[in-house]
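Note that subunit A is present in both complexes that follow, paired respectively with subunit B and with subunit C.
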Partner chain A sequence: MLQFFGKHGISVAFVLCVVIFSLSTQKFLSTDNFLTVVMQASIIGTIALGVTFVVIGGNLDLSVGSLLSFATVLVVDLHDKVGPGTAILLMFVFTLLIGSINGYLIGYLRLNSLIVTLGMLSAIQGITLVYSGGKNVDISDQTNTWFAFFGREALFGVPVPAIIFIVLGIILQIVLLKTGFGRKIFAIGGNATASLFSGLRRNRLVFSTYLLSAFTTGCAALILGSRVMGSQNNVGEGYELLVLAGVILGGTSLLGGSGSIARTVIGVLILAMIQNGLLLLGFPYYTQWLVTWVVIIVAVWLDIAAKRGKLFSTY
Partner chain B sequence: MKVQINPIRTFQNLGKVSLLAGSIISLGLSGMAQAETFRIGITQNNVGVDSYQTTYEQAFEDAAEEADNVDVVVLDAGGDVARQISQVRNLIQQQVDVIIIWPTDGQAVVPAINGARNAGIPVVVTNSNIAEAGQPLIASFSGPNNIQQGAYAAEMMCNQLGGEGNIVQITGQPGYTTAIERQKGFEDRLPEVCPDVKILDTQPGDWNRAKAQRTMEDFLTRYDNIDGVYAADDNMGVGALNAAKSEDRAGEIIFIGATNFAVGYEAMARGEYHGSVYQSPAEDARNALNIAIAVAQGKEVDKMSYFDTPKITQENMDEFEKPVF
Partner chain C sequence: MNTQTEMKESINSQPEEKPLLKLKNVSKSFPGVKALDGVELDVRAGEVHALLGENGAGKSTLMKILAGIYQPDGGEVFLEDQLVHMSSPLEAREHGVLLIHQELSLVPDMTVAENVFLGNIPRFANMFVNNRHLNERCGEILTRLNCKFKPTEKLGNLSIANQQMVEIARALVFQPKVVVFDEPTASLTDYEKVVLFGVIRELKESGTAIVYISHRMDEIFELSDRISVLRDGTYQGTFYTRQTNEDEVTQRMIGRDLDADIEHQPPELGAKALEVSGLGIDGLYSDISFDVHAGEVVGFYGLVGAGRTEIMETIFGLRKPDSGSVQINGQNLAINSPSDAIDHGLGLVPESRKEQGLVLGMSCKDNTTLANISEFTKLGWIDTSAERKVFEEYMDKLRIKCPGWEYSTLNLSGGNQQKVVIGKWLSTSPKILILDEPTRGIDVGSKSEIHHLIRELAKTGLAVIVVSSEMPEVLTVSDRIIAMYDGRITRCFDRSEVTEDTLIRAITGQTGH
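For the complex of A and B:
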């Protein structure tokens, strides 16, 4: 029983949330609302896909919130100056550049990831402010640009942000489970020393996980920039913790070595669903924080309990 | 390495010495300088973090340039309370005539303001007010009247709806004085002018357009009968507009904000957005400087020196320039 909850606890929680909200308000269980939830989860979710790799590899990335602000401001600002195509290209170049700085410092210089990315969090926010001079940026012609595709359009009735999120999730799940690269990430996160003696190039692997989280953050910036058609300088503030909450809720171990993309997706969806559901029920905003907290604690508890085979610790 | 220097102590002692020296000199000079030039120091909150504050600083310097009887010392605390407190201390040492402060934190700056007062330097608070405890210490508060702005928004909403309808409200960051006051002004005024307009729901948008857009999507799912949206600023108002447009429901909804942003102004020009309150950072800065000069001249000033933040709608928007932020 406990083992079952430990292994599938997150899925059970997901179903439970759906059932509770559906019973409470008939607005909740509709295709439209479900797609809205997936779309609302897509920005945090897309980032969380990359961050899951970082965390499985035994590190943290707290810079993604600032990086999202930076990338969104950059792509929106450049849109009017050099056109959407070049803007997107340049945005990815600079975002990956910052990701590679993280990767170099943590992978090759072996600095502590918490400290490096915490520092990077402020540094990138600073760069964003210097770049924009503190001004909000906007896309002037919001209707006649193909940039609207990423955040505002739908294919076969499914919003494009949701498609980006889910397709990227499927690809990365396959990469994680079915390729040598994925297994090596598990190995370095599970036992760094053993993986080193097995001939794995830890530095290069860690470097690539940060490149990956920068890439998914860039994808999220595309969605956000296109959805809002503008950006504030601090638009991604606090996202790093929401992303981490989604990853943890999905059962990825903060110590590295275990985790799953599919469960991260479910974790992020649960968080978005709680927000959406409580608002539909008309609860005041602070209940969202309380309920989110309870769900995370229970999920982590069940996870630990399943590993040790008991609900309560005996010592 | 046994020598320890307490920089703050040293600083304070230096301050006392220079204060003493300063008062001796000014004693000697008093009566000499007739065509008086005032020195006014300002410590701002966080220039560069948004366009409002950037424009404010520029306008303040321009206004000081134009006025021939002031020299200004312009400082910026970078959002850091500790730095702001030491800047106030610096300005006290420089013996400016008036200190203008844009509080980084309405509570934590109160002792610094008290220090200025003890040194005989009057303090004008600009843009956002300080805590209740500090009120007796200041000469004046210069800034927008957020309660009035909320009330204006209620009147415009009432007008546009023709007296009845269902609306939703998107507020600013919970706990923020500006957010609280704009909500209060709106909620107090609305039943007075339009008892038949009902607020269906209120949720925070945290001054964030993306967040407001998300909140509005959920409102649209929940309610089939939304006639109006009141957002505490245009940034969030435009987020709500985005959400309504993607559901093809923007046409049936009135959008009112409480600070006009460039995006709101443009949406108004397109006929999609209906009303807001025009708050000019330049006017904010000029008002603060004028009040400070009046204080320096020893004139009586109002404790609450609000500057005008008029209503802006599609009808009268030609009278206003597009906001810079």
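For the complex of A and C:
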């Protein structure tokens, strides 16, 4: 029983969420609402894809929330100044630059990832405010720009944000499971010393996981900027914890060495469903925070209980 | 009639015959493995009872049941004729059963005294720690153990051997009835071993029952009163040490004859594969020069801390030398990282297979191909079936006992884990293979297999270096033996000229000039 929950707990929770919300409100189980959920999940989910690599590699990235703010402000602000194409390019350049600073400090200088990215979180907030001068930014002509494609349009009835999220998820799942790079990330997270003795270059690998999380954060900024066509300076505040919640809910170990993109996707979808379902049921929006916390605790508990074979620890 | 039975009982219950600890028909299963199947054991007060078995025979499982870490699926445990259930180490401790772990479980940043009383700190008014009292009580126990270090010493500053003494001291605090030693000598030098044995004998004299687990036959015969043997999770019988011999228990333990002794022909020497000259790292070792030819096995023998491991790590690119050079196949090379070393045909089976050798959470197959994963990838894509083929090849060749390629190395026995590490390096087709303590903590069966393997590898033209702290091992596998003492090479022996006596002199600094 416990073993079963350890392996499939996340899928069970997913089904449970669907069933409970479907029974309690008619609006929940419809294609439209499902697409809404995926759409809502797409921003946090896209970031979580990259962060999953960081966590499997044995590190944390808490800077993604404020990096999202920075990237969104940047791409929206530059849109009118240099045109959408160049704006997107520049946004990715600066986002990856910040990712590479994280990667250099953590991979090459071997600094603690919690400290580096926590510091980066506030550093980027500062940079964002300096850049924008504290003012909100927006795009003046919101109807006649192809930039709207990423957040507002749909292909074959599926919103583009959902497509970006799912396609990126499939690609990264394949990278994680089928390529030498993915295998090496598991190895450095599982046992850094043994990986070193096996000739893996840990510094380079850790570096690239931070580039990856910066890249997926950039993609999320694209979706967010395009959907809102404007941005506040603190739009991504608190996202780092929601992202981490999704990753943990998906069963990726914070100690590194195990995890899966597919399960991260399910984890993020559960969080979005809870949010969506509670709103449909008429609860105030802040109930989701409490419920999310309870769900995470139960998920982590079941995970640990499955590993030790008992619900409670005897000593 | 009545008196007769009473008499019988009184004979049976003579103090030295009465078991203090008794296990009846104990079984334990894990998913896919029956670790213990109807195991019996009785341990008497005041005896050293050795538990013998190959890795994977179920010794560790049995010990964990005694220590309350695992609960048996079937069978009963009696302590002083009382049926007991020990559902946690805490409960086992309350019953007076204490396990001295193979891997030390101490806190390096705390003092000796704090470690000794960890979890049982005598407190004033249930809140405040009285350090002086703590240190005094700890000092008493240390004196009993003949330890020379102070209770106030920071644990991390002690040698491994002394840390082991702290571990024993910690057990003594609870005035145990049964103390279980799990491979206590694995990382001890010969001198430290003698001290430890003294302590164990003293415990025995004072009426404590000792369960002693070891792979080392000589130790078991030196120390124990009785020997119980396990094989594949089943009980193979108990013997009085004085009435049995190594052959008999070995036979019981492995259920087959050990392969005949390794024959030694003078090796067919190939070209010089590795030449090290004047290598040194300040404070670790200095002026190390030697060479290894293709087709020969060079043994590095010395005490723990003589600098052998550090030299190998330097050759393998894990440390930067302050002086000297390393030539491979006659070429002067700068090896700055393990991946450079691997590119130049070097392989290193490291000292500690769990920390340095394996990613324990990964499968056997994934571990096997980890060091040369790029050879299994095309455009970044891993060819899983090629990986499987290679793992299965080595599974056959090295006789790795494992349910399948996807099986996690975490659940393998020590011997099989080590074989996976060796397989990993053989799959990189190295020219030079370094094995650092290749059989530490491994049962005799696997040990002998690994020794044969080393000889065979040399025959196929590999240059092999074996670092070992065990003299029989060095004598068995090496063509030449390099003795080290305190960071220097003291002597280099040909196999034909070496004697145990000269070797001991060389590694203890008495070169006898």
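One rule holds in what follows: the second predicted complex is superposed on the first by the 314 of 315 C-alpha atoms of A that agree within 3 Å, B and C clash if a C-alpha of one lies under 4 Å from a C-alpha of the other, contacts with A are read in each partner's own complex, and residues count from 1 in each chain.
As a convention for this text, a contact is a pair of C-beta atoms (placed from the backbone, for glycine too) under 8 Å apart; a residue touches a chain by one contact, two chains touch by 3 or more.
Quantities reported herein were computed from a predicted structural model and do not represent experimental measurements.
Subunit B and subunit C, once both complexes are superposed via subunit A, fit side by side. Looking at the shared chain after the overlay, A:Q40 reaches subunit B, while subunit C stays out of its contact range. Residue by residue along subunit A, subunit B and subunit C are tallied for touches, and B comes out ahead.
After overlaying the two complexes on the shared chain, residue contacts for A:N191 are found with subunit C alone; subunit B is out of touch. Looking at the shared chain after the overlay, A:R183 reaches subunit C, while subunit B stays out of its contact range.
Between the C-alpha centres of subunit B and subunit C, as viewed from that of subunit A, the superposed structures give an angle of 130°, to the nearest 10. Applying the stated contact rule after C-alpha superposition, one finds that A:Q232 touches subunit B and leaves subunit C untouched. In the superposed model, A:L118 lies in contact with neither subunit B nor subunit C.
Applying the stated contact rule after C-alpha superposition, one finds that A:V300 touches neither subunit B nor subunit C.
Between subunit B and subunit C in the chain A overlay, the least Cα distance found is 26 Å. The intersection of subunit A residues touching subunit B with those touching subunit C, taken from the two complexes, is empty.
Against subunit C, the residues of subunit A that register as touching in their complex are 3, 178-181, 183-184, 186-187, 190-191, 193-201, 257-258, 314-315.
Residues 31, 87-90, 316, 318, 337-339, 341-342, 348, 350, 355-362, 366, 370-371, 373-374, 376-377, 380-382, 424 of subunit C touch subunit A in their complex.
The touching residues of subunit B, when paired with subunit A in their complex, are 47-51, 53-54, 174, 201, 203-204, 208-210, 213-215, 217-219, 221-222, 235, 238-239, 242, 246, 261-263, 266, 324-325.
Contacts from subunit A toward subunit B in the complex involve residues 25, 27, 32-33, 36, 40, 43, 129-130, 133-136, 138, 140, 152, 224, 227-230, 232-233, 235, 275-276, 279-280, 282, 285-286.
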